[in-house]
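This is the structure I have questions about; it appears just below.
Letters are used for the chains, namely A, B, C and D, taken in the order the chains are written, and counting of residues starts over at 1 for each.
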Amino acid sequence: METRRLPVEALVGAALLVAVPFVLPAWMKFIVTLALAKFMAVLAVALFLRANQVTFGHAMFYAVGAYAVGFGAKWFGLRDVALLLPLGALFGAAVAALVGLVMARYREVFFAMLNLAFSMMLYGALLKLYWVTGGTDGLSAGVPTFLGYAPPREYLRDFLYYTSLGVAGLVIYAVYRFLASPLGYYLKAMGENEIRIEYSGESVRHVMYVTYVLSGALAGLGGVLAGFTVGHIVPEYSFWIQSGDFVFVALLGGYGSVVGPLMGSIAFEFIRTYASKYFPNEWQMTLGIIMLAIILFRPGGLWTIYEGLAARFGRREVERA
Amino acid sequence: MPEAPVLQTIDLCKSFGMVKAADAINVAIRPGELVGIVGANGSGKTTFLNIITGYLKPDRGRVLLLGEDRTGLPPRVITKLGISRSFQIPQLYTNLSVLESLLLSVAAEAGRGTGFWQPLHRRHWIDQGLETLDRFGLKPYADRAVSELPEGGRKLLDIALSFALRPKLLLMDEPTSGVSIEDKFQVMDILMKVVEETRLTTIFVEHDMDVVQRYGRRVLAFNDGKVIADGTPGAVLADPEVRKAVLGRA
Amino acid sequence: MRRVLKSRRGAWLSLLAIGVVVLVALAPATVTPQARPSGAPAELKIGFVDFFSTAAATFGSSGKSTTEWLVDKYNRGGGIGGVKIKLVVLDEAGGPDKQVTEFRRLALDEKVDAIVGYTSSANCLAIAPVAEELKTLTVVHICGTHRLTEDRKLKYVFRTSNNQASDSVVLARYVLSLKPDVKTIAGANEDYAWGRDSWEAFKVAMQRLKPDVKVTGELWTKIQAGEYSAEISKLLVAKPDVIHSSFWGGGLITFVKQAGPRGLFKQSLVLFSTGEQVLQDVKTSMPDGVIVAPRATGAYFLDPDPAASPLQKEFVEGHHQRFGRYPDYPAYRTYQAWSGLKAAYEKAIKQAGRWPTTEEVIKAFEGLTWQTPSGTITMRADHQAVHGGLIGITKMSPKHGFAVMDRVVRHRGEEIMPPLGTKTLDWVGGIKK
Amino acid sequence: MRLLTTILMDGTVFAAVLFLISVGLTLVFGVLRILNVSHGGLYAFGAYLATFLAVRFLEIGGNPYLTYPILLAGALIVGVVAGPLIERAFVRRVYGRAEAIQLLLTFSVFLILDDLMKLIWGTKPMFVSEPYTLLGEFSLAGIPYSWYQVVLIAVSILFGGALVWAVRGTRFGKIIVSVINDREISQAIGINVSRIYTVAFTLGALCAALGGALVAPTIAVVPGFAVDATVLAFAVIAIGGMGSLEGAALGALIVGLLRALAVHLLPEADLVIIYLAMILVLVVRPQGLFGQVVLRRI
């Protein structure tokens, strides 16, 4: 049923996203680009939410990806997206592989807190190593090239947009496969019952670890794209509030599916922008109220709202036929 | 030379504070045996399973599995060695469907539980999974959420998940507890048919004398962490000490 | 029935009469004194971005009050070149990625003609390339990092106040004039770029001006930490002659509150590079004899003397009347930004003889000299403004109910800013007495 | 020697502040099993209202010595109004839901509180000095300290002691412990668990507000300081063991002393020392120093 429904909608969704630069004004295109970048970090967080684990520290890997861009530009003159994307993912995965050794043992509040602590350590280091990282002033990203090609300035944003979209597409495919694999199901299952997994001869720690490394790579990718999109990289990328935003967005979109976080990311950027437009002094409160409303009335996030609509719409079609 | 026991425990001891949950337990289970363990609540039956499968570490003594000392290894490793267990309170993935849950056991048994690229829903795994569900009478529920299963179904699925691992020894912890009296024997009939067909070495723990009497070939009676009787159902259940310990009357 | 009708008519008539009277009374005020240049838009939409949340909101509230006061004043006078200003206000909190998003929305969606603001160095560095990309005229009012104008060549971005190095140089010169025999210095700064830069420049300047000065302690606190007991103890133990601190806002007030009773100000000469900003808030808690600077801003609400400077008098009195607070240095720096933007527009209008393009405004801005309450400001070719800065030492003023700056010394812009084309850090290392 | 006493004194002062910030958080976690992110917001709210009332009181010419009860009154108001309100209106609805949801719910309450304070009290720093300076100073090994700092330490000890006594030695405490150990059984034996939750949350809110009110005289209250309080409190109770009162005390002492040590001997580490301690403790002893491991019954 679902498999039959999905491709059509996926195509429609993809077509809409492809059309963005032609339909939406330039500033909205920027917002969607940034949303696509952050989506990958949100997806990383959403993976753990499926397993009932919260992380208040994944901004750490997001920052690793972003600083790969910053350092690349500062020291090595690197500014090619095609080179920095895999590098950022690699660094993200490498740091996650290291931190994950410790983290795979922890669950629930401790998992959340320890992630927080590690990300705040990175935050502290980025502040501290002022002479290397520019401290809070941050680093500038280079003007990106694409496989060595430097697009004309007026098309640069389109290049970035479509690169982000392409990477997002690949990420969606990869994560979709991951979630459909045995390990993906074990991840979901562990939120409910770790004991049964251990008594199946599988290691929950291994499930956590692989997911952690994957999530590090994803958030790293997101960081690279965000670094190029925003153009400026600061320690706040690693701040716990940023991690909190990721969790919030995952919940807003709904972490039950791969597409939910994407919907959440796009919605969040627009909500935040309009909140600060209409309530320049109370935009935080506006976000808080929306989040409360989602939690209390739509715990499945935007995705379930959409599913509800689709179900109703689908039924009507059936009735008509 | 007789075949090595599937399971042998030597002088197993475990205390929780002042309570002795296992007190010098010496037991050997040979291949193909169907053993019922009977005892009142708190007599140490579940603790015995927990120690064998590595959930608890014994204070003293050794656990030999298939002839080798495996004392203190974690459940995951014990399970890999071919010792599966089910639980008094079913340990299920309530957020998955019945078939998905079972597929995870199938994948684990195939040694592919850690694959993260190829799908879980592979044709031959699904066939295998449905076949197992069929054995346990759960096929009609395959696409239902685990949370929707009735209690009897939950117990059966819990055992099916362990069975699908194709163990050399299956341990069942109170397979009929929580199941209504009317359904008890139905559940046990299904289980015993599976065990017989596959000639699986099986231990099941029960506090219900009737069930043990009817299905056990060999019965161990537990009291205060000690094995107080070991033999045929008739002999053990006739033992006045056992009757006193299990039923509270001679 | 008739009576009702009649009475109603009477009411309408009297309303009309009042309306006419009011209109007549207002007429002189609403007639624009300036003729609108040809091609002038209906309104000039300008964004103002400053902190309205987080601890830095203490700067933002001064920035906002000045902006409101000034824009009202300009609009009463017909706006800029006869075009009224429409203000769009945005919060600077939320990190650079939010600021970059907001900047784009301001420029492309709201289609603002210019943007004024940015207090945080990270934010001004982040939006500068975006301003260049979108060709949006941007006037940075407070952000102090020298990297803004030295990392890249700016075309659309101007900074109407001097950079952070000036603060430290002013402090160093003032310390040596008060206490020529200073032997030891220590720093208590927040552990981020602003604190690091401030201390580094001060240390280098001190060592350059008096080579035998020794550093006896460097403290790096968390930004806006609420507990300085250990830091204060350490400074009490080290007993340096001079303590430099770039603490600001709430953190600074907390430090003063905790250090005052414990005698730190009696033991050492303490200097606060942003101290002037909190004087009105700390009221009687600030002891006498503490060096406070409004960074290196050229004005203070008592200096130049309002009695002698009409611009200063109007601003100080107007601001105090409306907001119950005298303008502080973020207020003066906001004033500098708005008045610079206005002056640039007006010069461009004059040069073009019609409403100017953004490029023409930029051309007019470069080399512009304009008057502010804080004196004359010059915009250099590198889009960095040069102006004088003053500094003083606290003295309780019973008249005001808080400490004011005493023994004010004023430095000319050239003394405290590196000349055009010189890197700030090189220049600080080579300053002369 | 002098360095040692200075470090000890500074560390203890900071520890007292940290304890006041975090004790309510650990209490709420212990009973409700919810990490209340809005805790820092309540702390800040307490500080704001207490400061506001004290400033107003002094403005109308009140006796400075009466600012102490006024500060406490401010905290009391925040605690008994905001506590039940937040628990009944929001937190109550997510009992038994996924942990992520619980965390995010309190996070959104935190965001709302943060802006609410700004709307009520504006963005200019607010402060009251009198309670701090009134008590005078004393000298320890040649270094002057304020008596108010000693008061903070004393109040923390008294406060902590009172809480431990309330949990260990009173009927109410026994009920709480029973709820902590097993909700269902407590319900079965006739304890109104829902009311206990409200009371515990309110008590936590009260602790937070009280902490804020007591620390307020030493600081300037500014927008955004709730954020710092939140993260600090997290770190302290993670180190000490979440849900443990003794843990909060020990955690506060460790963090306080470490930071004082860092400031005096290794100022560069001031910023990261707390998180470093947290990581070390959690890696070696995941449940925190006083935390307990719970084994699932199967």
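One rule holds in what follows: contacts are C-beta pairs under 8 Å (C-beta built on N, C-alpha and C of every residue); 3 or more make two chains touch, one makes a residue touch a chain.
Note that the structure is a prediction, hence the values are computed from the model and not measured.
> Using the contact definition given at the top, which chains are in touch with both chain B and chain D?
The common neighbours are A.
> Among the chains, which has its CA centre at the largest distance from chain B's?
Centre of mass proxy via C-alpha means gives C as farthest from chain B.
> With centres defined as the mean C-alpha position, give me the chain A-chain D separation in Å.
Comparing mean C-alpha positions, chain D is 33 Å from chain A.
> Which whole number of Å gives the spacing of the CA centres of chain A and chain B?
Here the centre of chain B sits 43 Å away from the centre of chain A.
> In whole angstrom, how far does the Cα centroid of chain B sit from the Cα centroid of chain C?
That gives a centre separation of 76 Å.
> How many Å are there between the centre of chain A and the centre of chain C, using C-alpha atoms for each centre?
Once rounded, the distance between the two centres reads 38 Å.
> Residues touching two or more other chains, restricted to chain B: which are they?
As it turns out, chain B has residues touching two or more other chains at 87, 91.
> What parts of chain C, by residue number, touch at least two of the other chains?
In chain C, 52-53, 191 touch at least two other chains.
> Please output the residue numbers of chain D that touch at least 2 other chains, ranges allowed.
114-115, 118, 268, 271, 298
> In the complex formed with chain D, which residues of chain C make contact?
Of all residues in chain C, those touching chain D are 52-55, 57-58, 60-61, 191, 217-222, 224-227, 229-231, 233-234, 236-237, 249-251, 253-254, 257-258, 260-263, 278, 281-282, 285.
> Please name which positions on chain C make contact with chain A in the complex.
That would be residues 52-53, 89-91, 94-98, 100-102, 104-105, 107-109, 121-122, 125-126, 129-130, 133, 145, 147, 151, 191-194, 196 of chain C.
> Mind pulling up the chain B residues that touch chain A in the complex?
Checking each residue of chain B against chain A gives 53, 74-77, 79-80, 84-85, 87, 91-96, 100-101, 103-105, 107-108, 112-121, 161-162, 165.
> For chain A, which residues are in contact with chain B within the complex?
Touching chain B from chain A are residues 177-178, 180-186, 188-189, 191-193, 195-203, 206-207, 210, 214.
> Which residues of chain D touch chain A in the complex?
The contact residues of chain D facing chain A are 29, 35, 90, 93-94, 97-101, 103-105, 107-112, 114-116, 118-119, 227, 231, 234-235, 238, 242, 268, 271-272, 275-276, 278-279, 282-283, 286-287, 296, 298.
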